[in-house]
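Both complexes below contain chain A, partnered by chain B and then by chain C.
And now, the complex of A and B:
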């Protein structure tokens, strides 16, 4: 009788091990499947863009502005590719990012230096929290802010400047935080050595801190640029869009994402969407990868 | 005054700029919403009327609040299993391998894809699939938006999870293995309890992202000013109604839209603050 019970117990234990192993394996498969699902999205999205858009990419795509609706409609009706391109958007995007960078990069780096030099102070913690919170503010809200600050009182209408300000507000906290993080990685001994030699503080920052963390700063800036390059919502409320190339800071301007939005809303232009999207996506992802690569090289 | 002192002052006063910007943002949003706040008061939050007709103008945010919460909660529900498994893949199953770093980079790339591209992909690929499955006549709606939102927020939900899972002490895991625990049991009894708060924080931050996402949702939710009555029903969110109506709005409607933005600002700030607070607590 006892034997039977023992055998039964052992069998129960064995089956329980089998059961536990089975559960373990099922979970492992689940992890694989869900991870595969997640990363397959990257390939699905990029693949769709490439397949749908490669035909439309030619020289004119980079050098000309988009045609009017009627020309586009005729081209589509004749089965030709739509003439023209997104030159106004490309130049506009560069212009917008330049304006945003001029405002946000110097300010962001200075504030980042302040944070890393005073990292423990209560006030610095407040600044850090504010920067973090600004990072979380939805981009459309920032668009409204730039509308209230620039479009209404300054340029009295939609303008490139307003878009630049919106993008600058988005870039600022990113640059502050990335500057702080990369300055933190500079060894204290380097700073101490410089100070021991009697170097004035500004020179320590300018000649020691900034150069040693230079690649980190650049990687942060590239990441910030790649973030704002694809922003559409805030630009809809600020720069509006422009069928021509515009260099007047007080007038509406164009940008690649704005053009995509415009093509999306105009049934005749739909074919231009995919090539523009490839361009935008390619640019954003390349900047992103370069930034990661520079960041990884430092470690 | 020597150069050191000047420099310290310069640094300090530039750091004030960011405080001023943040304060000015709140002030501007509040000032812009004043006409709407003084006209509708608290009713704005509980009224589902959105009527821009001249003479009988009446604005309430309820239907947008419901739409926003519905899409982002659903997005989070879809994103959590994806993010949970992906972070286990990167930080536990294949920790430190080349495969893990490739998967990690690919997930980060998801965060880099602009919102408008997600919107287009959803519109041209996902909507037809939803229609084909017979789930909704046009493919637009809460479900489609939530699906795209879920993909968009997975990177935010994984990044911090990865770090906290990788931070679980190896000794603890090895002790559990030595006792004969399977990997699943180690995950359940050692990794999860240790990494739980970090993972929760990353899901909260991802949720905050979903609430504020604008363009992808605007392209997919159907933009109907009614409280959604089901998963496949169309609706509208706070962010998408701003994107849709801001261009033509003036007067009281503009003010109501700015009040929506203020609301969005307050909600995302609270959610982010909670997330950051949890992160700070785990150090």
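And now, the complex of A and C:
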């Protein structure tokens, strides 16, 4: 009798372990399948882009401006690759991001410092909430705001400056929050030591807080830059696009995402979409890697 | 790093001051004629040293930009209604630059050519004719062996001038369509599946046997999509080509060129066609624009309706303006003034 009970108990125990193991395995497989799906999506995208776009990537792709429809059509009809490149878009994008950085970086860092130094104050909480809300504003809305603020009254026409302002508005909350987060990582003891030595407060910020969190600041900035590089909607309402390279801040300029939109609308230029996208993805990927690398070095 | 950023900022501010005077013209609007405009403007820039930038932000955006006086010209696939004209801050003129058509593409393996009357076309898109084996289709196309297959209608899912032109045509030729669906950039489709853009509709048709849909001619001609012959007002079955699209403009045109060319009475006209326009202010002295700027703008548009530019339209699969309409456009341009003074002679 006892024996039977014991056997029954062991069997029950065994079945519960088996059940747990099975459950474990099912979840393990599920996790693996879903993570594989996610990763394969990335490889599928990159693979498609490379297969369709590698032919168009050559030196001219980086040094020449976008071709016109007719040139592209003749090339496609003859089975040649489309001549020209996206130099106007590449330089335009870099110029836009520089303008946006000049506006957003100093402002963002100053606000970030304020937030981390006065994190409990009511005013700081309001600013933090606003920054969080700003991150969620659709980019087209920011484009409309830049249109109303800059395009109509200031440059009286579509301009690079308006595009820079739109991108700056998008970068600002990202930089504010990343600055605040990386300043919070600075140990309080470091700050206390500096203050104990009689260092004035501004010098504590300038010489202690910012240098020690420098890598965090840079990686935050790079992430913000890579975030706005691919924006199209706000640029359509602000910089408009330009067939040539333009350095005049008050005139329309080009950008890679704008060119992709233009290529999409033109049945003869479709082949250029893929190569332009490879460039944009590669550029963003490199920025992300650099920021990861800087972040890792800090640890 | 920071110093270099400041330096770039200063440099760009300096260029802000001294480069504004260079002759550059900017315009924005319709995406439909953008390939033609880009080719034409590039050619103009090479020949005449005036820089032109054009952004394809949609017809609505083009009208808005001109209203806000931030461009030298706007571009639109639909002419401004009387109401819209009243809402503009100053009188404007329409200059047609070329025309385009909407072709009806289908996927029926083994079937080379089909003919459609306006009534049958409307019936298909209304969902009244649901099978390719329908007696009406067989009667119209005696030699064609239609499969016993359900018809899949493909239409645009995004707002589009192409949809506007197509539904405007159906509204003109079919009473049921007129009362049930009507015309517009987006309509409430009785049947069918939606797809985004011309590439989307063309792709859906390629992938679905037994499908039928409508595609902008600038895309269909470039991709050599096969399309149905449509019976025009004169009773002839017409294939959509650059020539038959152009012919749609040969009918009676109002003085300000504001007209939909759909269901044209010209005997050789393809019936689903329409102009696209550039729009400018009738008096060019606004927003402190210089006379030189106004003159450069008008010269550009005058060139757009010239023989050279119109030849470029044909090369990029757009239909050129008939001679009469080009002459009309030139006449309208000569009524445009700068502070009351005529600009072009």
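Couple of notes before you dig in:
In this text, the second predicted complex is superposed on the first by the 268 of 299 C-alpha atoms of A that agree within 3 Å, B and C clash if a C-alpha of one lies under 4 Å from a C-alpha of the other, contacts with A are read in each partner's own complex, and residues count from 1 in each chain.
One rule holds in what follows: contacts are C-beta pairs under 8 Å (C-beta built on N, C-alpha and C of every residue); 3 or more make two chains touch, one makes a residue touch a chain.
This structure is a prediction, so every number in the text was calculated from the model and none was measured.
After superposition onto chain A, the modelled positions of chain B and chain C overlap sterically.
Residue contacts after overlaying the shared chain place A:24 against chain B, while chain C stays out of touching range. By the touch criterion stated above, A:102 is placed in contact with chain C alone, chain B being left untouched. Of the two partner chains, neither chain B nor chain C is touched by A:154. Once the two complexes are overlaid on the shared chain, A:242 sits against chain C while remaining clear of chain B.
Of the two partners chain B and chain C, it is B that touches the larger number of chain A residues.
Residue contacts after overlaying the shared chain place A:114 against chain B, while chain C stays out of touching range. In the overlay built on the shared chain, the residue A:35 is in contact with chain B alone; chain C does not reach it. Once the two complexes are overlaid on the shared chain, A:277 sits against chain B while remaining clear of chain C.
In the superposition on chain A, A:176 makes contact with chain B only, not with chain C. In the superposition on chain A, A:261 makes contact with both chain B and chain C. Superposed model on chain A: among 76-84, 148-156 or 220-228, the stretch of chain B in collision with chain C is 220-228, the rest showing no clash.
Applying the stated touch rule to the two superposed structures, the overlap between the chain B and chain C interfaces on chain A comprises residues 236-237, 240, 261, 264.
Touching chain A in their complex are the following residues of chain B: 2-4, 7-8, 10-12, 14-15, 17-19, 21-22, 24-25, 28-29, 31-32, 81-86, 88-90, 93, 103, 105-110, 112-121, 123-125, 151, 154, 182-185, 187, 205, 208-209, 211-215, 218-219, 239, 242-243, 246-247, 257-258, 261, 264-265, 268-269, 271-273, 276. Put simply, chain A touches chain C in their complex at residues 68-71, 73, 95, 98-99, 101-102, 105, 151-152, 156-158, 161, 236-237, 240-244, 247-252, 258, 261-262, 264-270.
Taken together, the chain A residues at the contact with chain B in this complex read 20-21, 23-24, 27-28, 30-35, 37-39, 41-42, 44-45, 48-49, 52, 107, 110-111, 113-115, 117, 123-124, 126-127, 129-141, 144-145, 147-149, 169, 172-173, 176, 200-202, 205, 226-227, 229-233, 236-237, 240, 257, 260-261, 264, 273, 277, 280-281, 284-285, 288-289, 292. Those residues of chain C that touch chain A in the shared complex are 5-6, 8-9, 12-13, 15-16, 19-20, 24, 26, 28, 31, 34-36, 38-39, 41-43, 45, 51-57, 61, 65, 68-71, 197-199, 218-219, 222-223, 287, 312, 315-316.
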